[in-house]
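In this document, chain identifiers A, B, C and D correspond to the written order of the chains, with residue numbering beginning at 1 in each.
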Amino acid sequence: MSDCSKLTEAILNGDAKASVAITKEALDKKTDPQELVSKYMIPAMDEMGKRFETGDCFVPELLISARAMKASLELIRPLLAARGAEPVGRVVIGTMKGDLHDIGKNLVASMLEGAGFEVIDLGVDVGPGLFIAEAQAKKADLIALSALLTTTMPHMRAVIEELKKAGARDRFKVIVGGAPVTQRYADEIGADGYSDNANGAVGLARRLVTA
Amino acid sequence: MTSPAGAPAATLAITSLDDFIFGRAPHPVRCGRGMEIGAGTVIPEINFTLPPIAIAEDTWPEIRRQYAEMIEGVCRRAMELEVPALLVEFETLPPMTENPAWGAEICKLLSNTLGTYHAKHGLRNALRLTPNDTREFQRPPLLRRGKYWEGMLELFARAAEAGADLLAIESTGGKEVSDEALTSADLRAVVFALGVLGARDMAFLWKQIVAACRASGIGPSGDTACGFANTAMVLAGQKFIPKVFAAVVRVAAVPRSLVAYEVGAVGPSKDCAYEGPYIKAIAGVPISMEGRTAACAHLSSVGNISQAVCDCWSNESVQNVRLLSTNAPTVSLEQLAYDCRLMNTAARSAEDARRLRDWLTESDAPRDPHAWVLRPDVVLRLAAEIMEEETPYRRTRRAALAALEELARAHGAGELRLPPQEARWLDTLRRQADTLPEDESALLAEMLDSPAASKFLPAEYGL
Amino acid sequence: MTSPAGAPAATLAITSLDDFIFGRAPHPVRCGRGMEIGAGTVIPEINFTLPPIAIAEDTWPEIRRQYAEMIEGVCRRAMELEVPALLVEFETLPPMTENPAWGAEICKLLSNTLGTYHAKHGLRNALRLTPNDTREFQRPPLLRRGKYWEGMLELFARAAEAGADLLAIESTGGKEVSDEALTSADLRAVVFALGVLGARDMAFLWKQIVAACRASGIGPSGDTACGFANTAMVLAGQKFIPKVFAAVVRVAAVPRSLVAYEVGAVGPSKDCAYEGPYIKAIAGVPISMEGRTAACAHLSSVGNISQAVCDCWSNESVQNVRLLSTNAPTVSLEQLAYDCRLMNTAARSAEDARRLRDWLTESDAPRDPHAWVLRPDVVLRLAAEIMEEETPYRRTRRAALAALEELARAHGAGELRLPPQEARWLDTLRRQADTLPEDESALLAEMLDSPAASKFLPAEYGL
Amino acid sequence: MSDCSKLTEAILNGDAKASVAITKEALDKKTDPQELVSKYMIPAMDEMGKRFETGDCFVPELLISARAMKASLELIRPLLAARGAEPVGRVVIGTMKGDLHDIGKNLVASMLEGAGFEVIDLGVDVGPGLFIAEAQAKKADLIALSALLTTTMPHMRAVIEELKKAGARDRFKVIVGGAPVTQRYADEIGADGYSDNANGAVGLARRLVTA
């Protein structure tokens, strides 16, 4: 099993080729796929998250690590699925109706994928109906809403209100973010969580799906 | 500040550091009611916007009330503070571009108040209308057709009748490729987005804007690399991407922004175009800049240096929220007015204007790579290098290479302080830049064969 | 700027215009964590306060959260912007002085964060606590007894333990007479309120503050004529009272403010003490000033000149409201930080510091009488005149006369522009001032026999 | 009657002695006291209000005119009262609980008196209960609330709420003012009017009592 520690290293270095090779080899040796994920891959992404927090690395480095992790996960997921295992969580994400900004949303989506979430990205300018329909169709755990304009923030409240009307409010956790959004606004509209940065959003999503 | 090394190319409108000062541009712009920009006086430019409110039929009376309150408060204070002139920017909100009648209505409201203050109180002023580039509402964007484009065209055409004196835009062609390139620090894709896609869209879009302005007798003012280099700057400010990368993106954005002026824009550039000093040096048009006074809109690492060679001095944008004193737009106006007073007082002597410029410069430059590339001497040097090339793509590539070289030199010489995690990116980016082909078509072919190809429609760029 | 005419009196701490610059005071103040004020570097002073919220048991957690958010945002940005040091002022809200435990709790919260930022990030800083002068809650006020006075005393005594490094106040003794005198432009009553009542209360109050500070090892910083001269300035800004009157009130407020330093205050003066330059010239203590950066708290006609000889540069106060970028306190901090950068860059050469000082001065002075009396050369001249007198009353009377004469001279010489409705008040006020008796007891007897006598309790002034 | 135009002039000049003398003389000549007020005195104060609006005079000048007017009114009021005539209106005014500021409030009070209102000034730091009790006891038409601190603004809402609880909301018009107060805040708490300056407050009070 000592070879598997190289998997951690490959992900830290963002070396997708090495990550995939080591994963293949480990699976060939019948290593438990769940163990690969929880013991070697998630800790690698946690370490990258820490480096990012302290300013020792940047998002581009986070992203290539996440891509390496994702490449390995593509080998592992079918095995987990065959066992009936689920991803860490499933997230429907998008930018609010009327809002053209997607950098923040894309960042959160990538980092959630890197953390083992299945991400359904609805893009920009998404109306409340589509968020809810997709969340129901894909059996999502979380709905993640992004707004970069103060004028589109009110649509966040609309999503939560529509969920209530549909009697589906407690089937999904709703998290919100974006430059003009604040914790207070999140509380006011009854969202389940708020983060002011992409890395924080991943921690938030994890806490909410395990809560 | 020492003079730039080497002789600047003859293509620059400003070749001597002595002539590169705030308030004065080689080609001043007359506009509005008695206003001249770049003719020796720095002019405040104020931009204000709504607090969170839905834009709809039933909120429209409140929206009108808000704009009326904002323009009245700003004009009254501008008069009381005896500003030399006042430039007001009305940046529409997206629904006001999609529905041009709404945008035109607010524009008219603002223009009427400005007209009254000029007639009654002699307040010189002009109104700049900045419709949104709503084309990026759909991905991949349709840049030359479709409802968004038509809404924009209509608002351009109605601008003069709605009382605008200047037309501007923050255009976005190429942003669909640039966005992801920025978060990945993919310099290759950024250069492609700016130098190949962005530059082509600018040429197309600005020919239309210039035609609309000529048809109605108003001024085609300017554009900005906001969607590209400001996005990079903000991401770097949040420590998402390296600051040195954002600084290189800034310089690489110059050739794209320049296209607007090559096809007929006359200035002032948009306030949020921090590449403005390059534009002023190359094209000679007056520029609007923002810095510490725009902290209401975003924090900045270039709060002072951005002012060094400005012709208009702006707050970027502020919402109509209430502060202890009064509404935030009036507060912003007051801060701009006092800053302009100081600059214009110093500018009574050209030597003193240069002194103030140099203090503004020195106070920021050694601390931050983005500030470093805005040093007036660096601007003249890099602008000359950029203009040695002939095409937007080759200029963009050259800009990236020259910026990287300058940052490495300044860091090596101890003039620019960089923490180690920033400094190591200079090498990473240099390796990326060195592989950029000299030939544009080679990069295009490569990109069309990459995952980025799914993000844009070549035909929308005439490709 | 030319040198002041006539030789300044020997009693001034600063006698030469060349030595009268920002960032440098004859008697610098060391305080807090590694901070020195007036030793050559201008330091930003930030003050923030709650948005509208009731202060009560049930809102207390939210209030704590707000202050924690504000201090964290401010410290982080101060660190990122590499400020030379950071002075934070915590001005309590009245319920926090009436209930000193509340005031002390917030003070401690702020002090803890400041301590952390110093220990972890090397951010030099200090915390100034400014309890309210709640004595004016009742009219006529009890100044030396009663529950309000006891609450204040308790907060003074707890300040050090609560983490304050400096203690300040905006004291109000005499305001009960001054308020109506201001709206009536009654210079006689204003001089009485400042020179007879105010000065006596200052001596009493500041002996207590100095004693409390000495007992606990913190710094007795300063006071302000906010309740008098700022009220006048704001009323004049709203065109309620003549600007020339407010300018005279400013100079007349100097002797009262000076009393604090005569009985042991060491500076920095309070930011809203626009008479600060006089205090610096006379007492040599460092001063805090506010101007265009305080537009969030009130508009101003002295936005630049107020900065000319400051040692700390402040925003006065800003509520924790959200702007497009971030919370307003962080926005204010950023603006202060960049202003200080510019000043400190210029101050690398004393000659350049004087240049910047003079531009700040010239940019405001000719437009406004309040600005005029803040001209560094005028300050030195009038301060010398004031200090030719021995008692606070005689100094106050002399200050009013000297200010009137200077304004009339400057207006007559065409150096100060005044509209006719302002200019005619110079004569009206001069006629009032000329009848002020040389003898304080004559004025006192007169006032005790006037309707004003019902407004104040002589015993509370030791009369 | 041409002598009475000198009354207007005396008030414009803030000459209380002259104003009183002319009033006495006119009353001796049996001039209608109501006519003195409406034809010569109120127009004088209106003119002063106009001069103030255009920046041609300041509050101190307004105040001495108001004092001259008041001095004359003191001669006239008993005559009007004997006829059963009422003042223009009766106002209870004060600064909110917790608020030490009274300059703005005093200004409004003086100018209301100058405009012929009877003013009951409750001073500073006034709780909702006292406002309501005094307004009821003095049969006021208007309650004028002043706040200079954002922290004391909420007490304005309290006055209106207490009035509602007491079933007395429609017996009084409530007007609000002070630096942090806005038209929007006034609307929000259901006040009857707002003015951002003392002169405007007088016009507002007039409109409300004649409405």
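Just so we're on the same page, a contact is a pair of C-beta atoms (placed from the backbone, for glycine too) under 8 Å apart; a residue touches a chain by one contact, two chains touch by 3 or more.
In this text, all values refer to a predicted model and were calculated from it rather than measured experimentally.
For the chain pairs B-D and A-B, which is connected through the larger number of C-beta pairs in contact?
Looking at A-B and B-D side by side, A-B shows more C-beta contacts.
Round to the nearest whole Å and give the separation of the Cα centres of subunit A and subunit B.
That pair's centroid distance is 34 Å.
What whole-number Å value describes the gap between the mean CA coordinates of subunit A and subunit C?
Going by mean C-alpha positions, subunit A sits 52 Å from subunit C.
Taking the mean of the CA coordinates per chain, how far is subunit B from subunit C in Å?
Roughly 40 Å separates the two chain centres.
Which subunit B residues touch at least two other chains?
In subunit B, the residues touching two or more other chains are 319, 322, 324.
By the touch rule stated above, which residues of subunit A touch at least two different other chains?
150, 180 - these are the residues of subunit A that touch more than one other chain.
What pattern do the touching chains form: line, ring, star, complete or other?
Topology of touching chains reads as other, fitting no named class.
Which pairs of chains touch one another in this structure?
A-B, A-C, B-C, B-D, C-D
Subunit C touches which residues of subunit A in the complex?
On the subunit A side, the touching residues are 150, 179-180, 182.
Using the touch rule from the top, collect the residues of subunit C that touch subunit B in their complex.
Residues in contact with subunit B: 49, 77, 82, 291-293, 295-300, 303-304, 317-319, 321-326, 328, 330-331, 334-335, 337-339, 341-342, 344-346, 352, 355-356, 359-360, 362-364, 367.
Subunit D touches which residues of subunit C in the complex?
That would be residues 50-55, 93-95, 134, 136-139, 179-180, 182-186, 231, 235, 238-242, 319, 419, 421, 425 of subunit C.
Give every residue of subunit C touching subunit A within the complex, in rising order.
Residue positions touching the partner: 322, 324.
Looking at the complex, which residues from subunit A come into contact with subunit B?
Touch residues, subunit A against subunit B: 55-60, 63-64, 98, 100, 102-103, 106-107, 110, 123-125, 149-151, 153-154, 180, 197-198.
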